[in-house]
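Look at the two complexes coming up: chain A is in both, with chain B in one and chain C in the other.
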Partner chain A sequence: MLLFKLAFRNIFRQRRRSLLTAMSLIGGYVLSVFSFSMSEGSYNNAITFFVQDHTGHIQIHKEDYLQRPKIHKSIPRPDELSAILDANERVASHTLRVFAPSIAYSDTDNTPAQVIGVDLARERATSTLAAKISAGAYIGPELDGEGYYSAMIGAGIANNLNIGLGDELILISQGADGSIANDIYRVGAIVGDRSSADRSTVYLPLVASQEFLSLPDAVHEVSILLKDDGLAREEAARLQELLPEFTVDPWQVVEATFYQSMQTDKQGNVVFLGIIIFIVFVGVLNTVLMSVLERTREFGVLKAIGSRPAKLALMITVETIMLTSISVLIGVMLSAPLILWFSLAGFALPEPMDVGGVLMSHLTGELSLYVFAVPMFLILGFAILISIPAGIRAALNSPKEAMRSH
Partner chain B sequence: MQTASLAFRNLFRNTRRTVLTVMLIGFSLTALIVFDGIMRGMITLMVDNITGTLTGEAQIHRVDYRENLDVDLYLDNAAQIESQLQQDASLQAFAPRVISGAMISSSYNVSAGLVYGVDAQLEKSISKISEAVVEGAYLSGEESELLIGISMAELLEVGLGDRIVLTLSEVDNGELAQALLRVSGIVEFGLRELDENFAFTNIAAARRTLGMTDQQTHEYALRFVTPLSLTDSSSALLDELNNGEIEALNWLELNPEISLILEISRYSSLMIGAVLFLLASLGVINSMFMSIYERIYEFGVIKAIGTRPGDISKLILFEALFIALISCGMGILLGAAIGAYTSTSGIAFGEMEFSGISLNNAIFSEFHIIQFTQFPIYVVLLTVIAAIYPARFAAKIIPSDALHKSL
Partner chain C sequence: MKSTSIQSIPTLAQLLFVLLSTALLSSLASAQESAVDIIDAMEELYRGESSLARMTMIVETPQFQRTMEMESSSIGTEKAFIRILAPRKDRGIATLKLDLEMWNYLPKINKVIKVPPSMMMGSWMGSDFTNDDLVKQTTLTDDYDLTLEETDTEYRITLVPKSNTVTVWGKIDYNVNKELMIPLSQNFYDDSDRLIRKMEFSEPREISGLLIPSRMEMIPINKEGHKTVIIYDELQFDPPEIDESIFTMRNLRSRF
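Right after this comes the complex of A and B.
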């Protein structure tokens, strides 16, 4: 206890020096937390966005459909799979999808379109599709009076074909059996605007798309939303064991390019922070060594009256850690409001940036223990590291020499 | 002069402290030089990726064409535009293209993609298509040739000589048209979007399939004698071409998100510089104070015997100046060494893809004269400014207080 009291008092013996050292520590810490928070926050924001937009936390496909989509690589009898997933308490919801490239026609024009057949009720609970509708209403799975299914079309298609709500839409594609697939649909809703990612997509009721593509009772993709978004990999591995006949991938695999870009960028950030903190600590090392040299005589006296070398070394370490801790504490107090503001408000980029196929439109801060703790441990680690040479120097002090110095 | 030599000698009274302070400032400068070099390298890589791969330095389209790549919005006076382009001395090369979305089907699979009809000869001086051929041969102008991206080839399960059917719609009337082509080459750009979605054929064949005359073109890609750079991307030719019908834009305008990335990187360089020097300045102030405290007795004595406060200030400022100069020497040497290493062997950053530009190649850092002129000058100035506070403190030392010496 005495040791701590002594160390604490020693910090205030040279107030100006401690203050200046603390300032550079605080500066380094606040900068680290800020840049950490911004990168975590912005990426997490983007992840949340695409997970909810279409990816989900986990996807199930047949074979390598994810890398090489082919119409016949489909999951048969999806109801059985749905029953398993509905019974899984870690799964919040899931949806079934069918994909096919096609050409969409109106009376006068045509344009390429990506057809996505979705289980309407499940899709509504799993993705943000319903929220993206800009005109019309979320469609139902039934045939209308004239025997047409409804379709929700991307705004780009509506624009290219010059069609709107209630108009007819003709789709042509290739069926799973090799036949030419074509059918007429009624536009029930427009999705997004002309810059949305799904501007060239046609959403059909699942059953309509299965009939269209001659793909009865089969789907291409099952997208799963988990209750806990941190467990995608663990749960994917568990499901994979349960379903050996399919391929189960967490979002980290589904959005692999984005994930790699993000990891690389984050690694770069850590290296950069490491450099900043290193530079801060060259300064801190300077201070600590100075404070030891200054007290050479004092340490000599302490040793002469019986202090153990280890105790002196420990005192230097405690001093350094104390100063660092106080600085970090002040750093937390200073950075918390800043981070809070950025996590609530964030700021919009003038142009959304595409990172590995994922659009990022906002820079947002993240307020979490992780963001504060990582730089804290980094800085404390460095503090302990540099107090070692200074401590050794104090410990090796020879009383006779020391008391001769002035 | 005497003050200067005194200051210089003072630095070596406590060599360890001087070394640590020099390291602090020197490393900051090194970090800044290296960081700036990497940023410049990254930007060059991005710019080369954009202007060198397919886009060229500028493009001409019909107004509104880019929004949806609507095949009906074509330029219909090729001869007139081309003669204007040929006459312009600032232009090195140009290439016409017709572009259409298409269903691209093989016997095994089908994919949606963008088909570019290009002029085999002219395209060579604009884009990297001919260099990207990894299998088979580049276009020679023969009828049924088709180059497809490597990822698309995998998806369609086709190799050289296999048949591909393009299904697209004719311009103006929207009639469905099909063309049977054979894979004559496979291209790999290393950019996901291009390798997955793009196919290239001869412009004559593409025009015929789309029902276009040889006066009708969707796009001209341009290359200038003096490359349109980040800092100077204006061109009289582009200004002249722009009118209500035609839109001529340089690569920065074609890729607005790039200017954003550049803005961010410039901004972050500035911020990093500011923070580094804030930290370094705190270190300088701290270290100067330590050296003053150590010599407080001395200052008391020289003041008592008549040294003016101004001279003492000057002494401290000179010490700071020398520290800054030595630091700059060290920082420049280290920065140049790291820069030289990273500019020849590159830094592998792992895979990244921003704005459709993949940075999976190593980044080669770049030297720039300002790294070795402006940066060190800022460092010296900031160090000396930081030393003003301790210098004033030293000047105000009161001899009678200073001469009381404690344990």
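Right after this comes the complex of A and C.
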């Protein structure tokens, strides 16, 4: 206890120096937390965006449909799968989808189009499709008076074919049985704008797409939204065990390219922060070494009256950690309201960004224990590291030489 | 490419071959002629001057089996018209061939789509027959040099593309039953002499006074489990209802 008391008092012997050191530590900490919050926040925004836009937390496919999509790699009797998922209390919602490339025609023009058949009610609860509609209304699964199904088309298709709400849309593709899939649909809604990711997509009611592609009672993809977004991997593994005949992947696998580049970028971020903190600590090291140097005589006296060298080294370490801890504590108090504001309000972007049909008007940060803890441990780790050479220096001095110096 | 390459320095083997073939020239000439006759007779079998046929096409793949019934009309080698009668969802889909051009009509969307030259090797209605099979197969004796071999029961004719012609196949083996004068099989090879697909003829039946194999099987070698069978249910030659008006865009577009 005496050791701590001594160490605490030593910090306040040179107040101005301690204050300057603490300020550089506090600055380094706040900067680190802020940068972490921004990187976590923007990545989490991106993840939330595509999870809700189309990926979901978990996807189920037949065989390797994800890598090599073929129309016949389909999940038969999706109702059975739906019943299992509806009964799972960890699943918030799920949706069924059918995919096919196609050519879309109007009377005069044609353009390539990606057909996605969706279970309309389930899709609405699982993805942001309904929110992306820029004209018209979310369609229903029934035939209209003339016997046509409705379709929701990307703005790019509407533009290329020069068609709008209520117009006829002709689709041609290849059916699962090798036949020529061809049918007419009525445009019920336009999705997104010409820069959206789904500008070339045609959304059909699930039943219409199954008829179109001669794919009765089968789907290509089941996309699942979980209640707890942190459990995607665990739940995927659990479902995989339950459904050995299908391939179950968490979003980290579905969006593997994104996930890997995100991991790499985050690691790079940690290294970069490490460098900032290292530079801060070169200053701290100077402080500690100075305080050891000017107390050479004092250490000599302490040793002469019987202090053990290890005790002296420990005292230097405790002093450094104490100073660092106080700085970090102040840093947390300063950065907490800043990060709170950053995560709730964020910076208003000069111009709202359109990310795949969803408008993002603010750059926001992440508020989590992780954001505060990682820089804290980095700084404390460095503090212990640099107190070692200073401690050794204090421990190794000889009382006779030391007491002679001034 | 294959037929236009010229080697300026003949090898010894080539010189020997030339000497030998000159010696055999007279017999070759007559063999060539009869080979042409045989192939022409085979190609003529299914067509006559004009013809009207009802057939069943069965497409088999590892994933599905599909059966289509269709009606086909033709005049000579230049004009053909095929209309799908069943299944219901494909009913009325039609193909018109005039000389070297081809159109498909899709009644559900009321649209005529021209088959572009790049799609000629594409599948016809998801079968193992290509669009090219429907359009071009008729010019075998114009585009290929023929060599005839005889066994006790078969004529074996090898078709190699003539120089300066652009053909799809590097070689075709055409086997004919000598006694019945009906085709037995055709093997199609690519430029590197690899077998790509084979067509087998079987179940000969007497139709309109002629003995004709009523079943044809097309088997692609490189696609395991794939096969297309055509069965002739009816075949009439020079029927009165066939006239030029069938082979028009107007007829192609007519609702059925």
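Keep this in mind: the second predicted complex is superposed on the first by the 384 of 406 C-alpha atoms of A that agree within 3 Å, B and C clash if a C-alpha of one lies under 4 Å from a C-alpha of the other, contacts with A are read in each partner's own complex, and residues count from 1 in each chain.
Please note the rule applied: a contact is a pair of C-beta atoms (placed from the backbone, for glycine too) under 8 Å apart; a residue touches a chain by one contact, two chains touch by 3 or more.
Please read these numbers as outputs of a predicted model, since none were measured by experiment.
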Thinking of the overlay built on chain A, is A:P389 touched by chain B (first), by chain C (second), by both, or by neither? neither
So which one touches more of the residues on chain A, chain B or chain C? B
Would you sort A:I279 into first (chain B), second (chain C), both or neither based on which partner it touches? first
With both complexes superposed on chain A, which partner does A:G136 reach: first (chain B), second (chain C), both or neither? neither
After superposition on the shared chain, which partner residues are touched by A:D183: those of chain B (first), chain C (second), both, or neither? second
Name the contact category of A:S214: first (chain B only), second (chain C only), both, or neither. second
Chain B versus chain C as contact partner of A:I170, first or second or both or neither: second
Interface residues of chain A shared by chain B and chain C, listed 174
Please name which positions on chain A make contact with chain B in the complex. 14, 16-17, 20-21, 23-24, 27-28, 31, 68-70, 101-103, 108-112, 114, 156, 159-160, 173-174, 194, 257-258, 260-261, 263-265, 267-268, 272, 275-276, 278-280, 282-283, 285-287, 289-290, 294, 297-298, 349-357
Counting only contacts in the complex, chain B reaches chain A at residues 16-17, 20-21, 23-24, 27-28, 31, 35, 67-68, 70, 101-103, 105, 108-112, 154-155, 167, 169, 174, 176, 192, 256-257, 259-261, 272, 275-276, 278-280, 282-283, 285-287, 289-290, 293-294, 349-356, 407
Provide the residue numbers of chain A that touch chain C in the complex, in ascending order. 72, 105, 170, 172, 174-180, 182-184, 214
Contacts from chain C onto chain A in the complex sit at residues 59, 61, 63-64, 66, 89-90, 93, 104, 106, 108-109, 111, 113, 123, 125-127
